[in-house]
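Structures given as structure tokens follow.
Shared chain: chain A. Partners: chain B in the first complex, chain C in the second.
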Partner chain A sequence: MRKRHTPKDRLITVALHVALAAGLFFAAFPIYWMLSSSFKSNTEIFALPPTVLPKAFTLEAYAAILGDPVKLRFFFNSYFVAGAVTVLTVLIALLAAYGFSRFNFRGKGSLNTLIISTQTIPPITLLIPFFGLVVSYGIFDTYVALILTYLVFTLPYAILLMTGYLNTLPRDLDEAVAVDGGTSWTALWRVIVPISLPGIVATSVYTFLLCWNEFLFALTLTKSTSMRTVPIGIQLLMGQHAFEWNQMMAMSVLGSLPLLVIYLVAQRFFLAGMTAGSVK
Partner chain B sequence: MTRQKRSHHRLKRAVAPYLYLSPSLLIIGLLMLLPMVTVIGYSFQNSAVLRRDPSFAGLKHYQAIFADPVFWASLWHTLYFTCMSVVFHMTIGMVFALMLNSDRINPTLRNILRVLYILPWLFTAVIIAVIWRLLLEPNGVVNSVLMQMGIIGSKVEWFSSPETALHAVTFANIWAGYPLFMVSLLAGLQGIPKDFYEAAYIDGAKAYQKLIFITIPQLMPIIISISLLDFIWTMQVFPLIWITTGGGPIYSTEVLSTYTYKLAFSSYNLSQASASAVVILLISLGLTLFYIRYQKAR
Partner chain C sequence: MAEVILENICKTYGNNFRAIDQLNLSVKDGEFLILVGPSGCGKSTALRMIAGLEDITSGSLRIGGVDVVDMPPKDRDIAMVFQSYALYPHMTVSENIAFSMRLAGKPKAERKKRVDEIAKTLQLTSLLDSKPANLSGGQRQRVAMGRAMVREPAAFLMDEPLSNLDAKLRVQMRAEITSLQKQLGVTTIYVTHDQIEAMTMGDRVAVLKGGVLQQVDTPKRLYESPVNAFVAGFIGSPSMNLFEATLTGDELMSGTFAIRLQDAAFVRRPGLKSYAGRKVVFGIRPEDLYDSSLESGRKYQTIPAKVTSIEELGSEHIVHLNIDGVRVDSGDPDAVQDFGLTSNAVARFEPDSAVRSGSAIRLALDDTKLHFFDPETHLAI
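Let's turn to the complex of A and B:
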């Protein structure tokens, strides 16, 4: 359809590839620099001129992180809180989504709008009353405080995501259960849940990432080192004595692993989770 | 089915959705709506949270905030940071999406680049902050390369001089946030019917004409809704600024979220911080209403 061999056309193709390479440099160089710095010694990081590849490749930074029980505890806390919130969010959101998707009821439209608008409530606004609540209920510096707060932020979008998914499933499936005299509850667990796995995975991925990345509430609602999560751990590392840049980078790499793994293994679900709400 | 059984069944159908929704509504009501009411209450009290029987303060804390030059500076920095971020997220996202969508590149390369271009999205704000602190260290790689190229004469303290700090954090945020636009626009581009371009080709339209008259109008709904969401979310950014500059030097990167945080947890002035938090809430709500109205109009 298109003429492809004029010199002008070839020039455009070359220019496009140069621009693509520049874009790649912009997107990936900072990440490459983190990765390569994590394998350098702390003195090599600021060597002049900078070394693009680690001259003396070393795992000392990783050994320092993984050999330190305090830092391992940060990782445990992050995985534990994110895991617990994910399970709770998926369960609660699934029920709500089922209600939204399969029933007509008074107030459905306004509830839906309410849930959409809660997504944009500024976290800093909720921080102060949460701090007040958490202190007065005596759960300051506990997992419960973190899990409850994260649940509030993950739930609205998880409901929208699950509802969107359930709406794509044919209604005849659960109506068949009703004809056989089963309740909607049986239909949910026997029919809907087994075929909703893709939706459940996308919701879990989204929830897990949100919790894994959370900073503000983890900073404010926990205090003891043993309750801190990875993002706070990285910040603490920054405040310590002389900057151990290589350790900070190694911890950042380790802290990014779950996201990278999820992205590479389940790219489809990752993108579904990250964009569904905004494109709809 | 007997009549009694049937009406029983109907009652169950009527109650069921509320039962399914109840755990969610309980959580959203108790942990989101109630705290919002609480924070508004705090903003009208003296020594909120800190005292058991706080006295009524009227609009005192709002007056204090509006009289504080740091608040206005924070508002201005937030606006600058947010507008620049959204504009550049959109521009970079659009350019990358158009490049990736071009039929001049080979499909394997396209898939590889798509994965790599999304990379900044996969990193937590804290980690992005740490990476940029390393890159922009006075003795770091950016300064060393710029000096070798003769662009700067001496080492620039990007995050710790008041002239550059706000630009530096904005740049880091631009880098971190364009993939949302890119991914959404790429999906949008694939949804534009091919016939549009074929008709334009037959009419002899030039590439830029196709961009202006077909591509951009077709992508407009995505551009507007993502810009609004991005605006709302960028306005609330906290960790990136907290870790790179902490709002400094001399308030030069103070934004509304760091300003409020410091009021609450460095000065322990929780009442005034609540007033500031309510102001942020009102701005967000205004934008959210706009967003919802736009979504409904579509």
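Let's turn to the complex of A and C:
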């Protein structure tokens, strides 16, 4: 039976919707402003009162970025570093997580605690030590410096995430492989990895996002323009005398696109239950 | 095909918990042996030790004459059906069945031929391209069987393979597995906690309790001549009724009633005489208790009982009773479920029995079917 709505119920519903609309506006307006500004000329951006919709729609900001090899290099750097860190993180985290999830070894508990405890250290406190380390290793202003540093931050969380995921997979599967004539290595690559795709995708997305958005270490550990990543590239558009707001916004849009694509592609892995039908 | 011989097998965990204690078992070539016992008795541990999935703390294990204690599972020439089936969810039925052959590097044509043969035997041909998620419980169970069969092992190990199926399908699969085992003639060790499976499927049944082997025998001998009160209580459903009584002359005195024993009872069990004047545990199966008002019960002596509840199953009535006597615990943790708070005995009456819940009746018992156990050791007399 349908419940009758009293005037009080209706008032609560309306109030809820107003609150939700305000929340949505707060979250979505900056994104809208970024999009809208990227299609304006720099002069229109400074117009008073500001225009909500671009009065003179233009792609000049996009053309300026996509036609400039220096700016395109920022994108390449970001893709390369984030991609490399993601691949390495997933590979290392998967092996570590399989060890934690499936084997008992001396010091397992302490090692786990150590990994969790690394998450309590604010990254900024490690900036100077890392800088010193990178310089003394002679890898300052290289991809290696960024990749190694990012791995330090992505691995602990990725290992925890993957261990949690692997713990949900039935051990009977590993044992079935053992009886079928395989080793733990066979079980990992032929059975565990294919059915761990949701966990692997979640870890990859997290890692990629962390690297893609990282600003502080990218700023400190690189110097030459050719080594800069997208977040630094956006900041470089703020000159001493001129602010290329439309280009900054266009670069931000282009910088956000891969994340959007990743989310859309990865979404189905989050939803699908990969182990359905395995047991029971 | 091979003999599986376990000698003095022990399993002790790190916390000194002994899961298996001095297990000696010899499974003949082609035999279907059932390992049965209540939960936590070590039956699955024993099976996993045979498979190589659990280390053996001490003792020897030979499969087909080869000592396999230090061998990994893959070298033991065994195949296992898991309780959860453990099918590889990302592979099709065909790939699941052929997986072990693929790992062994068998050519594709040979794999296909073998998979097709097995699929035909198990009626899986039309499902070969399906993924496990799209199969019913019974079909998944068959795929798990197929995966074991493809290896042509020396022995099949099955860990409660029917426990996830519904009651009807379980009956069907029980028959299918039994006939498949006879057809293949492969030595099979089958773990279950369901004693109907134990009684109907195996050539012999090994009863375990607390990691200790209690008795290995044919289902019929287990039922008729249990070696102790635990086996007596565990085998048979509902469980055997076990009561404490004092043997006075040729009478068992318990509470307010007495059961007169015939001379034959003492002839069959010479040891019983030495219990004269002492306590003894007697047991009687529910099917050896009768409704004294029916023809079938008229020839037996009777004792007073109160009916507490009745389960009418159509073909029979399971009657829960209260008898004025001290019930003896057989040590089977699952047996407690047979009794409510008010009843201490169970009888199986014919469906035309007119007894009503709450009524006081005269319960007829076939005293030639009584079992006797020592009250201290619970060993059969």
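We adopt the following convention: the second predicted complex is superposed on the first by the 256 of 280 C-alpha atoms of A that agree within 3 Å, B and C clash if a C-alpha of one lies under 4 Å from a C-alpha of the other, contacts with A are read in each partner's own complex, and residues count from 1 in each chain.
Everything below uses one rule, namely that a contact is a pair of C-beta atoms (placed from the backbone, for glycine too) under 8 Å apart; a residue touches a chain by one contact, two chains touch by 3 or more.
Just so you know, these numbers come straight off a predicted model, no measurement behind them.
Asker: In the superposed arrangement, does chain B or chain C reach more residues of chain A?
Answerer: B
Asker: Contact-wise, after the overlay, does A:N112 reach chain B, chain C, both or neither (first, second, both, neither)?
Answerer: neither
Asker: Just to be sure I read the superposition right, which of the two partners does A:T58 touch: chain B = first, chain C = second, or both, or neither?
Answerer: A:T58 sits against neither chain B nor chain C.
Asker: If we overlay the two complexes on their shared chain A, which of chain B and chain C does A:A176 touch? Say first, second, both or neither.
Answerer: second
Asker: Touch test for A:T142: chain B only (first), chain C only (second), both, or neither?
Answerer: After superposition on chain A, A:T142 lies in contact with neither partner.
Asker: If you stack the two complexes on chain A, which partner ends up touching A:N42: first (chain B), second (chain C), both, or neither?
Answerer: neither
Asker: Classify the contacts of A:V191 with the two partner chains as first (chain B alone), second (chain C alone), both, or neither.
Answerer: Touch partner of A:V191: chain C, not chain B.
Asker: Can you pull the chain A residues that chain B and chain C both touch?
Answerer: The answer is residues 274-275, 278-280 of chain A.
Asker: Going by the contact rule set out above, which residues of chain A touch chain C in the complex?
Answerer: That would be residues 170, 172-173, 175-182, 186, 191, 194-195, 274-280 of chain A.
Asker: Under the stated contact criterion, what part of chain B meets chain A in this complex?
Answerer: 12-14, 16-21, 23-25, 27-28, 31-32, 34-36, 38-39, 42, 48-49, 95-96, 99, 102, 104-105, 109, 113, 115-127, 130-135, 137, 139-141, 144-145, 148, 175, 180, 183-184, 187-188, 198, 201, 222, 225-226, 229, 232-233, 235-236, 238-239, 242-243, 256-257, 260-261, 264-265, 270, 273-274, 277-278, 280-281, 284-285, 287-289, 291-292, 295
Asker: Under the definition above, what is the set of chain C residues touching chain A in their complex?
Answerer: Per the stated touch rule, the residues are 51-53, 72-74, 78-80, 82-90, 99-100, 103-104, 131-135, 137, 140, 147, 151, 164.
Asker: Can you list the residues on chain A that touch chain B in the complex?
Answerer: 1-2, 12-13, 16-17, 19-20, 23-24, 26-28, 30-31, 33-34, 37, 45-46, 48-50, 92-93, 95-96, 98-100, 102-105, 108, 111, 113-118, 120-133, 135, 148-149, 151-152, 155-156, 159, 183-184, 212-213, 215-216, 220, 231, 234-235, 238, 245, 248-249, 252, 255-256, 259-260, 263, 267, 271, 274-275, 278-280
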